[in-house]
Amino acid sequence: MNLGRVVGTVVSTRKEPVLEGIRFLLVRLLDEQGKETGAFVVSADGVGAGPGEIVLTAAGSSARQTAMTKDRPVDNVILAIVDEWEIGGETQYVK
Amino acid sequence: MNLGRVVGTVVSTRKEPVLEGIRFLLVRLLDEQGKETGAFVVSADGVGAGPGEIVLTAAGSSARQTAMTKDRPVDNVILAIVDEWEIGGETQYVK
Amino acid sequence: MNLGRVVGTVVSTRKEPVLEGIRFLLVRLLDEQGKETGAFVVSADGVGAGPGEIVLTAAGSSARQTAMTKDRPVDNVILAIVDEWEIGGETQYVK
Amino acid sequence: MNLGRVVGTVVSTRKEPVLEGIRFLLVRLLDEQGKETGAFVVSADGVGAGPGEIVLTAAGSSARQTAMTKDRPVDNVILAIVDEWEIGGETQYVK
Amino acid sequence: MNLGRVVGTVVSTRKEPVLEGIRFLLVRLLDEQGKETGAFVVSADGVGAGPGEIVLTAAGSSARQTAMTKDRPVDNVILAIVDEWEIGGETQYVK
């Protein structure tokens, strides 16, 4: 799983019918201190993540193991909104 | 998922029989401002994307979860034609 | 599989319900001498790995082949706590 | 999918029994103008590709969706021999 | 598939029970001339590969398509011991 920050939304009307109802968010990937790495991914949101929130994402076939993404052509999903993380006992980020 | 721009077509007559009828498009990957990154992928098109259009692509086994690609040896698919996306409330691209 | 060192913990309360009970650890990837590469991953822990321990991780759909991760949207898992490894007969690391 | 050029053959007698009969080709990956990128992959050939031919390859689990590779431990397959491709209406390669 | 050279062994006693009996080897990835690239992977060995031998490895879900790795959380497997390969008719490596 990766850490990322929700920064935007991607809108599409002409698409695979099975994608109907999925919200696609633009997520910038973060390093372990919470800084943006310059990479980003478009991720399906099933937890109601909002702009600026830090999230945990899963890629590949694992992205299809949620109720919302089951059997749908989605290769990245937001799994969770991150409350905090620590490294070596020191908090790197708190919501 | 990734953002990409359709720029070309790949043609092949001698191929796996199960690929018959699939259109293969050459898609340049984009950064979050819509600029080309220099990377590209050959993607199966199931939404009728045309030259110059910006699309959303899925990779890996997720590329086989559309009606057209089901059980076919395709590792990248065009999921949608992108209408627009915004970052931090500012529109980066509108079709 | 990759070698990594457990350095931290990621906490999340609002998440996919199917993730309930899974511990997410921050794991720094190592080179073959055991030095950190600068890359990291968030991994699900099913073996009770603790801070500082060197672990073996699996990525992708293989991360879902443990009792804990079966059918759950997890793309990285800690498989084992590493006791030692050698290269060319020379020990690189002993726990 | 990726574009590649067949440049060689890999031979092995002691191998997983399920690989019996599969031809392994060395394929150099190409950029969109058809130049070699410096990267290569060993790919299973099911279409009878020969030295110098430009091919379309699929990676990951999608590589197992051909008659030849079904349920076999193959993570890259040659899907097709490319006849030509164009970018922006200009032909980049013709066989 | 990738070419690699077996250089070491990874030992672990506290691990996922389903991994019992699998040998984990440290494999350095090779370029097409047989030189080490600097990258490595930990791979499950089902063909009895020994130190110094050049092997063919498969990654991802394809690594679980051997008798030994079926349904086990393994994302890389040694498929074969390479006897030789050639490029453009010139032998690059002979065992």
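Chains here go by letter, A, B, C, D and E, matching the order in which they are written, and residues are numbered from 1 within each.
Assume contacts are C-beta pairs under 8 Å (C-beta built on N, C-alpha and C of every residue); 3 or more make two chains touch, one makes a residue touch a chain.
Treat the numbers as computed from the prediction; the structure is a model and nothing was measured.
Chains that touch both chain B and chain D: there are none. Think of each touching pair as a link: the shortest run of links from chain A to chain C has 1 of them. One inter-chain figure worth recording: chain C and chain E are separated by 20 Å, centre to centre, where each centre is the mean of the chain's CA atoms. Our note on geometry: chain B versus chain C, Cα centroid distance of 33 Å, whole angstroms. Counting only residues that touch two or more partner chains, chain C has 60-61, 63-64. Taken as a contact graph, the chains are arranged in a single closed ring, with each chain touching exactly two others.
The cyclic arrangement of chains, taken from chain C and going next to chain E, is C, E, D, B, A.
Of all the residues in chain E, the ones that touch chain C in their complex are 7-16, 18-19, 24, 26, 28, 40-44, 51, 60-61, 63-64, 71-76.
Residues of chain A that touch chain C in their complex: 1-3, 31-32, 46-48, 56, 58-67, 69, 77, 79-89, 92.
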